[in-house]
Amino acid sequence: MELSARNQLKGTVKNVSTDNIMAEVTVDFGGQEVVSVITKSSFERLGIKAGQPVTVIIKATDVMLAR
Amino acid sequence: MELSARNQLKGTVKNVSTDNIMAEVTVDFGGQEVVSVITKSSFERLGIKAGQPVTVIIKATDVMLAR
Amino acid sequence: MELSARNQLKGTVKNVSTDNIMAEVTVDFGGQEVVSVITKSSFERLGIKAGQPVTVIIKATDVMLAR
Amino acid sequence: MELSARNQLKGTVKNVSTDNIMAEVTVDFGGQEVVSVITKSSFERLGIKAGQPVTVIIKATDVMLAR
Amino acid sequence: MELSARNQLKGTVKNVSTDNIMAEVTVDFGGQEVVSVITKSSFERLGIKAGQPVTVIIKATDVMLAR
Amino acid sequence: MELSARNQLKGTVKNVSTDNIMAEVTVDFGGQEVVSVITKSSFERLGIKAGQPVTVIIKATDVMLAR
């Protein structure tokens, strides 16, 4: 499956935390971190665990800039 | 100003392209790229140019994961 | 690649329209339509054309409800 | 009230689940499912229950494509 | 139609600008402004014009905070 | 830090509520309210409390319109 989302960054899962409905996953990119909040059911379906390689995906219209 | 958005990554502007309303900005992070689509007026207000340092900002609920 | 995004609906591309930066793609699902706005470069990279099968992907936190 | 959001699909509530702050609602569209995550207070305000008709609303810029 | 989106603010259209695919609409709220970027086809379907009353709608998960 | 997000509205925190992962913050703008859902860790990092001034930030592509 090829995806339209422009931003696909490869990193490593650093930390995971779950709630009844939501899950928070911290991904490390060689020193910088990205945090993702997804549903707990997607988190469980993907079988995400600390230490695993993972791809972070972000639609370009959701990316802001600052100077 | 401190921002709630969890994801604030420092990179360098690699490429810019504008339309009447929208602007597309490619940011380099030591080899991986992130593309941002913002309004042309925000692009002009920030004065973004290729070669500049820039911070990419993404709300955690807009970040998906893939394995 | 398996994706965290919960909503992955299979449809058929009905109509495409492009600008300098953005592309608008209408997808048919057996009578109901979904419109997607992505970057023109992603549109070209995927090689999307009318009549093709395509998967629409939407993060659950971007879905609203109305009664 | 007429809404700018392009994507308004009519379905039936299949499943609901709530947390302190968030609610997850699964909507059926003749075999395909869409999951929505909204605030629990919006969920309660709309009075959403399994078996009810509901309209799913998605802004076009939040829709990705995959092939 | 009652909508799950929590944020529904009443204002007045101050300025409009269109492209092939996108439209940018500036809405005034008694001194503060909100800018909306929607598809041109939604803009035309709603018949939005400067001076009109309009409701701005934002999903709570798309709202960031700063101090 | 100057931000690309077009919509930056100054208000006052009216109510806060937290979960394990998420936080819900209601902000008052002279009578109209905006609700924000952010991660609990961002909420704690910003030290948000009822009665404080706060800036609400929304990317223009996340703003819908209705008539």
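Chains here go by letter, A, B, C, D, E and F, matching the order in which they are written, and residues are numbered from 1 within each.
Assume a residue touches a chain if its C-beta (ideal position, glycine included) is under 8 Å from a C-beta of that chain, and two chains touch if they have at least 3 such contacts.
Here the structure is a predicted model, which is why all the values come from computation and not from measurement.
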Looking at the contacts, which chains touch chain C and chain F alike? A, B, D, E
Over half shared numbers or under half: where do the identical copies chain B and chain E land at their interface, same or different? different
What whole-number Å value describes the gap between the mean CA coordinates of chain D and chain E? 21
Roughly how far is chain C from chain E, centre to centre by C-alpha average, rounded to an integer in Å? 23
Overlap residues in chain A, where contacts from two or more other chains coincide: 1-6, 19, 22, 24, 35-39, 41-42, 46, 55, 57, 59-62, 64-67
Chain-to-chain touches, reported pairwise for every pair that qualifies: A-B, A-C, A-D, A-F, B-C, B-E, B-F, C-D, C-E, D-E, D-F, E-F
Which of the residues in chain F come into contact with chain E in the complex? 5-10, 24-25, 27, 29-30, 32-38, 42, 46-48, 52-67
Using the touch definition from the top, list the residues of chain A that touch chain D in their complex. 1-5, 19-22, 39, 41, 59, 61
Given the complex, residues on chain D that touch chain A span 17-19, 22-24, 35, 37, 61-62, 64-67
Residues of chain E defined as touching chain D within the complex: 1-6, 36-39, 41-43, 45-46, 55, 57, 59-61
